[in-house]
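Mind having a look at this structure? Questions to follow.
By letter and in written order, the chains are A, B, C, D and E; residue numbering begins at 1 in each of them.
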Amino acid sequence: MNFDFTPFILSFKLAFIVTLFLLIIGIPYAWYLSVTKSKIKPFLEALTALPIVLPPSVLGFYLLVFLAPDSFIGKIANDLFNIKLVFSFPGLVVASMIYSFPFMIQPIQSGFESINKNIIEASYLGGKGKFITLFKVILPNIKPSLLTAIIITFAHTVGEFGVVLMVGGSIPGKTEVASVAIYDYVENLEYHKAHIYSAILLVISFLVLFSVYYINYKQKRKYDFY
Amino acid sequence: MNFDFTPFILSFKLAFIVTLFLLIIGIPYAWYLSVTKSKIKPFLEALTALPIVLPPSVLGFYLLVFLAPDSFIGKIANDLFNIKLVFSFPGLVVASMIYSFPFMIQPIQSGFESINKNIIEASYLGGKGKFITLFKVILPNIKPSLLTAIIITFAHTVGEFGVVLMVGGSIPGKTEVASVAIYDYVENLEYHKAHIYSAILLVISFLVLFSVYYINYKQKRKYDFY
Amino acid sequence: MIFIDIKKPLKGVKENMLLEAKLNLKKGSFLALFGASGSGKTTLLRIIAGLEKADGKIIVDNEKWLDKKKFLPPQRREIGFMFQDFALFPNMNIMENLLYINNDKNLAEKLLGLSGLNALKNRIPHSLSGGQKQRVALCRALMRKPKLLLLDEPFSALDTKMRENLQNEIMMFHNEFDLTTIMVSHSPEEIYKLADIMVELKNGKIIKKGSPKELLLKTSGSEKFSLRGKIIDIIKADVINIALVSIGSHIVEVVISKEEAKKLKKGLSVVLSTKAFHPNIKVLNEDTFS
Amino acid sequence: MIFIDIKKPLKGVKENMLLEAKLNLKKGSFLALFGASGSGKTTLLRIIAGLEKADGKIIVDNEKWLDKKKFLPPQRREIGFMFQDFALFPNMNIMENLLYINNDKNLAEKLLGLSGLNALKNRIPHSLSGGQKQRVALCRALMRKPKLLLLDEPFSALDTKMRENLQNEIMMFHNEFDLTTIMVSHSPEEIYKLADIMVELKNGKIIKKGSPKELLLKTSGSEKFSLRGKIIDIIKADVINIALVSIGSHIVEVVISKEEAKKLKKGLSVVLSTKAFHPNIKVLNEDTFS
Amino acid sequence: SAANLTYVMPRIIKKFNVIYPDIKINLILSSSGKLTAQILRGAPYDVFLSANMKYPSKLYKSGFCKTKPKVYAKGSISIFSLKRKFTLKNLINANSIAVSKPMTTPYGKAAIESFKNAKIYNKIKNRLVFAQTVPAVISYVKNYADAGIVSTSMVYSKNIKNLGKFYYTKIDSKLYSPINQGAILLSDKKAAKKFYNFLFSKTAKKILKKYGYNVNYE
């Protein structure tokens, strides 16, 4: 039996990029949500959670419609950046980002909401601007929430499938990620292969997750020691 | 056009039950994870996140194998509780619970990890046992995390589709939930119906989420006032 | 009878230090614990409360709280504990904070009244001032009518007037409920006023132990009257020199001779004493400063 | 020159109260703020620091910090602030807490040394005792070498010795860096020692203002010497009666007559005064109690 | 191509590559509905094969095709079981029967039609469980259902042997309307055209027939 590792590489690349981008977008947005006193806050919050309410393939269908080259967004992406948003890796990234958006936002927001406001004030009074305060004081102090957000987003993007299939079209080497490949094997009654691929996916994911948790655990123990 | 509301009712019933059960299981488990100093902690944590790494349909496929009447678990459920775990609503509940498990655990755990330990001690010293302390002191003080966990789990179960499809067998009125129905319309190129069903699902979900967030917002404002 | 004999290794300021305390308290006694910052006072209270484990024994009224084999969890020890950093429940208002511990509305009202917090009972802890929080924490510790009351610097954030009020209340409670009380305090006055036994900790060890009367009233020799103080200023006027000496929270002017003026410097610790001292004693309006 | 004229409605103890403060501080002055718990001291500091909005004006060295149109954010006000509840950064160790504010290792080492915390510099705040945290908070506030230093009860959790050390350090810093300092304090001694101007707040309003010398040294009339105190005990001996009077942190024994013994009761506030008081003044070893 | 072709297509491609060794064919399997939606948004596919004429027709109407949709084979259905042999007659003894969704799969539709025509539909109606795709029917049969209706092509696939011993009965094609397998050409590429034409060649027909398709059309 010969294995093709490309789908796994694609999967983890996708998950990594999506997590990274969402982290970059998610932090300021979650921060805004956590501090705003505006009346539209609950509205935005509810809206943020909506992408997960739709079945992935259906969301994928709508994304397909909205990202297609003849759509408004598709045109802009194409004309301005020369990026095709469907049946391409960038398309997968955009689609997965939309689908996984709530998984990143919500834990971070809840972290921001539980942080002790005094230490933020102390940082401002130390003459530090919002940016430094965010990176040196706020984020390190909501580490459990941040970890949750990153891990849920990452794992979920690896397992993501409906949206990816619809928007990406499972083109081998380009948009055929591991989850799609495994699905195909199950469909093809090639259970043996499906088992092996699933096992590989699980093992790699487990190792990634375990490393993250283990580092976190070690770090905490270090502090506990004092 | 005549609408069938059964899938929606099923969807929300499923989401509600799954969220409730996971909350009941999730709180003690997340608590254990947050306090344990055991070496297996990172191992358990990584394991907890795994269900989301597999594509839902593939997970559904494996769950079908494990929950089938001639499987170990299926037998127990059948013999002891007289419950059929595949092609039945209880089966959907079990399968969705497994899939959504990490979404409930992780935010709650991160909430527990950030809580100020002093107030827990203060409660113990007030003569209150662990149970009362949990419900009266700990949970109310991790409300943002709890809200995140509940909303992600709920929304995700509503949108859940691959697992449900596989384990449930989409029997109308029994296991055909809204997400499956919408999916079918898209498949069948009945886009008009799909749009309407999606819109209904989105609107109901939005209203549910909005109410939750709105109540939360009002409550906070009330406190801010003092 | 409360018998305490515990040991616990701690991270000290310089190196690891061993907290080692052996105490025998009669029921109803009021122990004051003092000592430099970091000497182990809070930790000792936490061990007694069961919030921290330690080696050794704690026996309260013949009930084993700590032992080689036994560890009674904090919720089963009948203790009132006032935390140095208050630890109020942020999700409950002031009244709820008290009632959570013991659903005795009358007692709660009474305690809040005594500490001047009655009007605040519906506010949440977050919106209180430092001293207000401290008073709530004190009330909450009393709500349980505990066997053993543990207070960690209960008056530090309060102005003198409020401090005196609460000291009186504590005293009243201590007597009324026949409590045994252990209080961490940095103020000799407070200790003298409230405690009947005092213990000084240094680097985790008990270095002094005795009644406040013995330890605090050290009118040495034949002198009837002596006060420790610090020179905070020396004012040289035309004919006389005046030293300003701070004594506790007071500043007194003392006329000094030219020779003395040369010897004395700002910042020196001094003792004022006199053999002949027949002061007038005059009752004061409560309204005066402080 | 620091000019402050602000108004802010607050939730008071009884009803809503208006915090209203108008102050004019010369550069380099040391203002002490005192007043009962809940009178608005912390809030006033927070407004000056820009942590809370208010109506009115704040002008520091001709720079507008607050105005109808302008609100300079806290990070742009050159302020050192010591919080009543410390607010140390839990994710950094002690040294990092200081260096985060200002990456001046020498200054940090110096401050830690002065406050006896040098050995703790690699510990995290969570593992410190109350007084240790307070000292770190104080050091951190000084790290910025601020124009304006705001201290909220900086010594409340400290024993007398440590308190004196740090008071001296604050004084030194205040002079060395030519700081303007505003300190909340409940201790008249502290105020007298450190401040050159003091202000009393009551229910949000300034009710007293003046130099500590004027306000604290109230030797009334012709009496050369007077001390306020409280009777904590009356001991009836065979021939004489003795009243124990607590004065600040001291307890003195005063011989009283039989008639006086009848009039006086435990708990009464009294003034001890005498016309003729010629105490010996004797320098003390630093080692004595407290 | 649509999912039901999972089993034949690799065969056909293999044969095709014997003739045209330079043309590499990427087989993308998905449901017809998904593929149609994707093609409508410009998916870079060259040939589309569906188990149903509905989808190709729709594409044709939308102007995405180079040729008219053409039927290249007709599918058939069989009753599949792992326990014992079932026929339409004794199907009422099965406790549960898996079919693919009549709404979205032509095989499911044909199955329901046959049940109705054989007058057993009302008796077994409550014992039907619906799978999203034909392969999912196999999973259902493997794990739970007594019998399932599958495309006959499946029982000829080599992968089905993984399941061990199985039974199947072809359903009389008179009982359901023909399951037309449509093909259309989507691009101008030469290679695509060659493959499209190959589908209608004798070689391809032989393979299709071997997999249970009816190739005697028109």
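Here is the rule we go by: a contact is a pair of C-beta atoms (placed from the backbone, for glycine too) under 8 Å apart; a residue touches a chain by one contact, two chains touch by 3 or more.
Keep in mind that what you see is a predicted model, and the values were worked out from it rather than measured.
Could you name all chains that are in contact with chain C and with chain D at the same time?
The common neighbours do not exist; no chain touches both.
Just how many steps, at minimum, does a route from chain C to chain E need if it may pass only between touching chains?
2
Using each chain's Cα centroid, which is most distant from the centroid of chain C?
The chain farthest from chain C, judged by C-alpha centres, is E.
Return the distance between the CA-based centres of chain A and chain C, expressed in whole Å.
So the centroids are 54 Å from each other.
Report the inter-centroid distance (CA atoms only) between chain A and chain E in whole Å.
36
Find the geometric centre of each of chain D and chain E from their Cα atoms only, then give the gap between the two centres in Å, rounded to an integer.
A distance of 86 Å separates the two centres.
Give me the residues of chain A that touch two or more other chains.
57, 61, 186, 226
Give the residues of chain C that touch two or more other chains, as numbers and ranges in rising order.
Residues 11, 85, 123, 127 of chain C touch two or more partner chains.
Which residues does chain E have that touch at least 2 chains other than itself?
34, 37, 136, 139
Go ahead and list every pair of chains that touch.
All chain pairs meeting the touch criterion are A-B, A-D, A-E, B-C, B-E, C-D.
Please name which positions on chain E make contact with chain A in the complex.
Chain E residues touching chain A: 3, 6-7, 26, 28-30, 34, 37-38, 41-45, 133, 135-136, 138-139, 154, 157, 159-160, 162-163.
Under the definition above, what is the set of chain C residues touching chain B in their complex?
Checking each residue of chain C against chain B gives 49-51, 73-81, 83, 85, 87-91, 100-102, 122-124, 126-127, 140, 143-144.
Could you list, by residue number, the parts of chain B that touch chain E in their complex?
61, 64-65, 68-69, 86-87, 165-166, 169-171, 176, 184, 186-189
For the complex, give me every residue of chain A touching chain B.
Residues 37, 41-43, 45-47, 49-50, 52-59, 61-62, 102-103, 106-107, 109-111, 113-114, 142, 144-145, 147-148, 151-152, 155-156, 158-162, 179-180, 182-183, 186, 194, 198, 201-202, 205-206, 209-210, 212-214, 216-217, 221, 224.
Which positions of chain B touch chain C when the two form their complex?
116, 118-119, 121-130, 136-137, 140-141, 143, 223, 226
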